[in-house]
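Shared between the two complexes below is chain A, which pairs with chain B and chain C, respectively.
For the complex of A and B:
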């Protein structure tokens, strides 16, 4: 079960099927992508060269019926951070991989003479086919062409023009059960790695596949039902996320000074009520049509925190519209208009770039005086320039660090080259510690502490909170599980029981936690080999001396603490 | 007796806001209890006071502005 590795050599155009090595048998998700990168990629390799490898992996519980278990992990050496990167997303790709028995896809080498290809995987194996007809199409057009040729039910992992142009904010998306190609592994420029190899899409056709059921079926089903019960019993997963989505976070960060506003100059936004979870929900419901506030991004999810945001005519504009995009393109740019944010989200998705990086870069451009904060029209125009590949478009699509350098802005919110997500590290200091110390760069998904019962603006306890959160999230990532499940997960021991009963072997929680710890350890070791040292585990200087006016705090976790 | 203003912004609870009088040196826990939050609900909410979050055992002061929100794991 789930014991196939597909190896794709883009130089020789060979696709081979390998048996999962015995040493990898408990690895999946981030644990597997990072293991393969560490085992097979020289840390000194050029991220956009032939020696880098792109790894896609599903989780051990993918296609098992367990809620929230279908995350797709993508890993490689990052052209944005220069270190190892894993980024994951919902969608149907991991589910389709699992139905085909595929644990991982390893893409290596580089296509010759600029030829572009599509990888097609089905029950008979895999092949590379010419992909030139998809070249430089936006993601939505690519997806439609793929559906036209391979059917609407296929899983499709796609890059946009940004990936083809090797722009370091390019992400890799896949489609959801409704066909929206908006589930982005957005961070770290992994789309540029895929583009550098000459691979435009991976098509997963599970027609006729014969997935294997759990070995200890009754035990497995009882544990899967327990997860579903916990989700229904927990108010956040039963009532908040299905109705208001991840945008429900906005009121919380706004109330504690954690909502980045106007390039992290303050932590609360006067327009928050126009873009928060309630506003999003009410707008979607009032407009009706194709819009829905409650939507599953993957098969079998009981939380359904995704949405489809409609325009005034009821036609879908983008799916999903999430907190990070609303926070970074909205509050951080001083924009309080959900329609503008949704349109920018659509344009970013279509071009194939990370909305967090774009939100950060736009705000830096605003601070530089290229446009005023809150100027929706100018922000939209700047984002449209990305697809036109103009000079300004290239700057925005190159991320916040490049934008800061070109435009002469010193207040650049990034760690290890990666733009900061929508939690101000002076107000949510544990997450700030994660930004600084995670092997992933500034990444809230690597260990967000905002849920923890700690005083977020105080110094004490943040290093430990971050360490625990990084380990806890690594565990979820290594199993392909969604972070939204965390609140409902009353006993992590159940995860070990699910793995044990599905595969018919005894795997304890300690074994899974060891896997998560080892994943973090090997990621850090890879980064050291790539030249990232403790000196890179720092936030930008302005967070240490510029007070967040809402929380009244600076980031005061010193270097010695961070090195613990 | 001190007075604090409060607002409940928790989707699974009725929306409410107002001014509440509490015995001197009250904790966040006492405020929560006073406005209808059962003890087992305390873990599921985040309490913001004047722009930073507080824990149930923290003390409130005269004139504090309290917002009670769902405790969420991320976005």
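For the complex of A and C:
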């Protein structure tokens, strides 16, 4: 079960089905995407050339009804970092894949003469169809066209115009159970890889699929129920996340100096109360209509940390509106208006770019003097220029490193070419260590330490905290599980029991941890082959000598410590 | 003699004089700039931050009257390549430095609050003076203001607005004996390093200087005369270079497929006859006026390969107009009009950017569809936008890699972030090996094999040819000598005799070659520390699979060969 690999050759337009190799049998999610990239892609390959491959994978439990288990992993050599990249998101695509028995989709080659295609997968197999009618449509229009043609229930993995233009902040999105195509594998420019291959969408139709249930059914169901119980018993997952979503983080980071504000010039924002979890919740509830503060992004998720943000008229503006976007498009740009942030989020989703990169790039444009910090109108106008494909739009859509270079700005918050998310590394040093050392570049999802009960601005213990967090999150990523589940997960041994009972094998937690460890190891080895060395495992210089005024600290974890 | 180091701290605005350390006594030119950068700059330093240093050095023979010996070397960690960079040019600055006894100028720190300065050096020492009145003036206006204030005879090392804006293709220029400020240390964005420090110009006034003559005067003069005699006896240096300049190369490259045309899509240009050495010579001679095809860029140079290109009215447009600019702004953009090329050259010089990067970036913009190949008017307009500081102007001035990224172009001819000069590496494979392996990135001046009597498109022997060329040119660079002298230099032992008799020491050719070898070694070691590995020693992917239609070859020298 769940043992099909779909191989899509965009050069020859052939779609073939392969049986999962025996050596991959415990691999899923990030473990599988990274394994395939390492096994099949030359680390020297041009990320946007025919030798790169794009791999989509679901988790081992994706269609099993376990809460928070349906994340879609996407992997490739990244055009943004120059190294290997995995990015994952909720939504229904991974669930549909799993129901079709597909563990991974490998997209290789490159279509000829600029022809564009969509890949359709259903119970009878897969085929590439001409996709030119979707070309350069925004993501929301693309999704609507797909629903019109294939029905509202299909899973749809989509890129926007940014990916088609091979802009290196382009993400890959998929749809949620409500039909919003806003679950972004946003980081690392993987949408540009998909666009470079001439693939605009993957449509997953599970009508008539006959997925195989768990082998040891009773054991499996009891463990799945245990997960649900833990979620209900844990205040974070039972109350905080469903009510305030990821935005519940904002007061914490704001208090400790961890909320990047005005291009990481300080770590606290005077407008925090207007954009924090309470403000978000209250606005959504007060407006009603299509809005909801509590929303599942994946089938069967009990945490429901997603939301639908409505406008004043009650119509949905964007779903979800999350902490990272609020932090980077909001505080980091000096913007304290949730409506503006939501509108920018919608525009980024529609054009198909990562909101973290756009938030970073906008703030750098502000530092360059293109517009004042906090100028919502100018920020919105700049973001609108992306879809108009003006030069400014192209610069913003090229991400913060390129924006900094073009605009002559020195303070560029990025590691390995990738913009920093909403945790100031001087105040949340463990996450700073992750930014510096993760094979994924500056990426909080690679090992965030902010929820640990440690003093985040002290020097001691951060390397170990980051290392543990990187391994822990790799474990979740390798199983297609959501990071929001971690707080509720009282015993990780249960994950091994779920896998064992589902597949009728005996898989121990140690085996799963080994897989996570090996994933990190092969990712690092790939990066070395791609030319990323210890010299790239560092933060931008200004974090080492500009003091964060709230935490009173610089990032002072030196190279020797990082190299551990 | 020639044993002063001037150290300029831009943070404290102090200028101090130091005696050349004993260990540096044979070092000059690139040998000295690279040594200081390696000894004093952390390879992890931000190239545009306060920890980088800019080093200017003359050659050991700079004021000695030996032909072609007065090149100015500039070195730093490059914001373009991320590695160490040395770039050198003729002009009078190095000659003036040497007459003041100054072997090197080390500029460190960074000025506070955006204040800008000029450094004035004369027989009494050095001082920093406020330079704000020069701010954002074009290079030609800056030079005129400097002449007005300090006299027409001073040496002037200048950056343009591009350097002030820290644009990563910014060069550093100096003036020639005729007062043209067009001798560019163009490559690697070193003008941005100077600009980041808040230094706009270095003014060298040798009035009243008392340089020390050669210790073994008779021996020295006889060897210097020998050089002059060889130049006269060699057809290239006696006839071809003075008449046709470096543009004499164009027919050769055009014939073998080595002339990059329309963004390296072919190696021959149908408009070659309109822009080759003959066309250049005939145009200059026919127009007369201020134009001349034969011109010395350095005091005492017998080769005189420089020129002054006049407009139809006989007034000087630019000096010099050289092969690299004609190749990259001309053929590589499909432009066959010397007047347009000269005008673009002037605009680049005035704004302060590298014409090779601009030629590469323009061609990439053409491939992106911004304008057709060969559209002179559109190309000129795009180049004019640099000084207007529009977004398109900023994109072009950010060089070919950034332009390719922003404009979504896949075929980007660059190595280690630096655009390729006018030799197609599939047709001139030895130079291709240099592009791939030189610590300097894609740089013909780091070891061009095109003048060797070998079949340039064959695979065999190119690694050795490049290696020998890289060492040979490093020897010349380390002595501040011009590459144009190589053809005439019948016995390199003479260089050792010149150094020995000048300084009254016994320096053998082997000692000089060891210095050159060590320079290459320490440059590579610096680059490793900066994160450049064997993975960066390769050409862009398309050169390996797109056949050059003239030579009928791809670049087929593989990684194992390159790693030798």
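Here is the rule we go by: the second predicted complex is superposed on the first by the 564 of 564 C-alpha atoms of A that agree within 3 Å, B and C clash if a C-alpha of one lies under 4 Å from a C-alpha of the other, contacts with A are read in each partner's own complex, and residues count from 1 in each chain.
The rule is simple: a contact is a pair of C-beta atoms (placed from the backbone, for glycine too) under 8 Å apart; a residue touches a chain by one contact, two chains touch by 3 or more.
Nothing here was measured: the structure is a model prediction, and the numbers come from that model.
By the touch criterion defined above, A:239 reaches chain B but does not reach chain C. With both structures placed on the common chain, the touch criterion links A:533 to chain C but leaves chain B unconnected. When both complexes are aligned on chain A by C-alpha atoms, no chain A residue touches chain B in the first and chain C in the second. Of all the residues in chain B, the ones that touch chain A in their complex are 9, 11-12, 43-44, 46, 48, 51-55, 58, 67, 69-75.
Those residues of chain C whose C-beta lies close enough to touch chain A in the complex are 43-46, 48-49, 51, 165-168, 196, 390-392, 394-395, 398, 402, 405-408, 410, 528-536, 538, 540-542, 559.
Residues 234-236, 238-240, 243-244, 246-252, 255-257, 267-268, 322-324, 327, 422, 427, 444-445, 448, 450-451, 453-457, 483-484, 486-487, 550-553 of chain A are the ones touching chain B in the complex.
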